[in-house]
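Read through the structures below before going on.
Look at the two complexes coming up: subunit A is in both, with subunit B in one and subunit C in the other.
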Partner chain A sequence: MSTTEILFFFLSALALFSASMVLISKNPVHSVLWLVVTFFAISGHYILLNAQFLAIVNIIVYAGAIMVLFLFVIMLMNLNQQNEPQKNLWMKLAGVISGGCFLMVFVSLVRQALEIKTKVAMTTGGDIGLIKNLGRVLFSDYVVPFEITSVLFLSAMVGAIVMGKKD
Partner chain B sequence: MPIQYYIYLCLALFSIGVIGALTRRNVIIVFMCIELMFNAVNLLLVAFSKMHYGIASISDKASTVGTDGQLFVFFIMVVAAAEVSVGLAIIVMLFRNTHSVDINFLNRLKN
Partner chain C sequence: MTLLSLDMLLVLEKLVLIVIIVFASLGIALYTTFAERKVAAILQDRPGPERAGPFGLFQPLADGLKLIMKEEIIPNSSNKALFILGPGLAMTAALMTCAVIPWGSTVHLFGREIDLQIADINIGILYVFGVVSLGVYGIMIGGWASNNKFSLMAALRGASQAISYELAMGIALIALLMTTNTLSLKEIVDQQMAPGHLWNIAYQPLGFLLFFICAMAECNRTPFDLPEAENELNFGYHQEYSSMKLGFYLFSEYINMIMSSAIMASLYFGGFDIPFFDEKVLPQNIAALVGLGALLIKIVVFIFIFMWIRWTIPRFRYDQLMNLGWKSLIPLALANMLATGAWILYFG
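Moving on to the complex of A and B:
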């Protein structure tokens, strides 16, 4: 096995394990920390695919900003004292079964697809993921969506402040 | 790596997110599971973009095929950040009114 394969399987196992721990842990703070581990594993996958810009943005935006926001909200609510009410066992079983059916249907679909049998995702090569190429396309072809994004952020900021205000 | 491995990994991550959104009752955990599903889709988009680039770069070394996919991931992250800020504000407001984060109490929007 080459180094790339070893890294791929290690990062995949880490991502799946920590994603499962997000669901299993009872304490919401532990869930947030396991989700941060998942995001770091996914960033490792991005680096393996040589998408360096997205790897850094994923760590900064998701693991850095969004998860800290989640942590702040959980700590403001002081959820540790109250025990979370559980769904009854049948509802949990129904949820797991429907999720498993979803997985099964799509796995069998992918197994039968002949077109992707021989396709390979290029790892550790190719420089389209570097910030030089992405920035050039972002500020030439996608400059209008980029500017609209700033309006979206402004409206989200105003909305969050208006809703979070005590009245 | 074969593209199938990435598809299986992303399907597993997405299914874990679906199961979490269906089985947990804490609204913050449900929200985090939605973020997990976002990330599974992002990873698959990047893998497919590198797949198309790998095919195109055989004939043309300087091709920029696949840049669109990675920029799409960037925009998904931007929208997710805006969505999280508004969603958490809604959750905080609901918690202030009902003193609960149980989705079974939050299913009626009136009162």
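Moving on to the complex of A and C:
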């Protein structure tokens, strides 16, 4: 096995394990922290694909900002005590079966997709993820969606301020 | 010597470098605590610690020994795993920054060219930013896991302060990046060393001021030490901590201070550049060592300014802190960014 393969399998195992821990943990704070670990594993994958900018932005935005806000809310609401109603066993079983079916369909769909079948991930080459190229593409080919997204964010901010006003 | 298509000598070289830098940072941090007490003493016109060893030089060792020997108390109602994770995380996040700081130019040793930088990644500054944004977790987890209202309030304060000031810091950085055209710290330092190019402070004076204020807030230094405002919150987010766990929290603050000083020196004050002097006339190894010395001197000066401010200015009130961050620093940073952009567009 090459180094890349070892790293890939390690990161994948870490991502899957921490993602399932997000669901299994009973304490919401633990869930959030496991989610942060998941983001780190995914960032590791980005680095394997030589997309360093994407990797670090993923950490700054998701792990550094959004998850901190999640923690904020959870800590302030004091969800320590488990007052969540326990669902009965049949409900859980039905959930597992339907979720598993969906996963199976999803995996088979992805495996057969032509776009994935014919392409191989570029693990060492490929420099579209570097900040220079990404910036060029964002400000030339995708400039309109990019700017519209920023308008969307602005409106969300204005909305938050309006809702947060006291009167 | 290769294993798994990795050059093992390179791995070894980097490992040695990491060990040296981490232990050097810890050592400097140890003596920064001593310097803090001495500077405070001088500013308040008293002798300060002077009993342990000559000039009290062994004081930090005695303090460290005391912290390690103290009884370890983990509160019964705390979340044990997270309670232990908190200080470790604070320390890790503080130390991780050192990976991208260029501590000097290249050294020629054992027939190898050794960069005095652990990793020259092309997103260096963003990496620093990412690590800084993770530093909040140490405070938040520690404060929450203690299961103490004061700790929780302090943790929330600390986190909201860090998030608020990260914004202004980021925008101040963008203005700098517009002039440098690169994110790699090594390249930024090299640019400033080039003949005919001044240090970045000359191009971005306002940006540096904003960055400095924000760095002070990120380090939770007075006047921004609201998370540990003892007259409001008893002791802050580390109230329930004892022994070396408390020591880790206190220590990580000093390491943060060293790292942010190193980053400010690299970004705005030429890093390991010696002013008015061409390093190329010196032999390579000596030039690298002298450069390292120059960077350390700059770091010490910054640390002294941090302390000077701490013992001069009183703590902000919480609303003053938020007003300063959101209503002064961010508009100023935005104006600075726009002015820089306009300058580049019309004169660049």
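Here, the second predicted complex is superposed on the first by the 144 of 167 C-alpha atoms of A that agree within 3 Å, B and C clash if a C-alpha of one lies under 4 Å from a C-alpha of the other, contacts with A are read in each partner's own complex, and residues count from 1 in each chain.
Operating definition for what follows: a residue touches a chain if its C-beta (ideal position, glycine included) is under 8 Å from a C-beta of that chain, and two chains touch if they have at least 3 such contacts.
What you see is a predicted model, and the numbers here were worked out from it, not measured in a lab.
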| item | value |
| --- | --- |
| Partner chain(s) touched by A:Val57 [first = subunit B, second = subunit C, both, neither] | both |
| Which superposed partner A:Gly100 touches (first subunit B, second subunit C, both, neither) | first |
| Subunit B versus subunit C as contact partner of A:Leu71, first or second or both or neither | second |
| Partner chain in contact with A:Thr3 - subunit B first, subunit C second, else both or neither | second |
| Common ground on subunit A, meaning residues reached by subunit C in one complex and by subunit B in the other | 53, 57, 65, 76 |
| Subunit A residues within the subunit C interface of the complex | 2-3, 6, 27, 29-30, 33, 36, 52-53, 56-57, 59-60, 63-65, 68, 71-72, 75-76, 130-131 |
| Sites on subunit C touched by subunit A in the complex | 4-6, 79, 82, 121-123, 126-127, 129-130, 133-134, 136-137, 140-141, 144, 152, 155-156, 159-160, 163, 183 |
| Subunit A-facing residues of subunit B, complex | 1-9, 11-13, 15-20, 22-26, 28-29, 31-33, 35-36, 39, 42-43, 46-51, 53-55, 57, 64-68, 70-71, 73-75, 77-86, 88-93, 95-96, 101-102, 104 |
| Contact footprint of subunit B on subunit A as seen in their complex | 4-5, 8, 12, 15-16, 19-20, 22-23, 28, 31-32, 35, 38-39, 42, 45-46, 49-51, 53-54, 57-58, 61-62, 65-66, 69-70, 73-74, 76-77, 79, 84-87, 91-92, 94-96, 98-100, 102-103, 106-107, 110, 116-117, 119-123, 126, 128-129, 133-134, 137-138, 142, 145, 149, 152-153, 155-157, 159-161, 163-164, 166 |
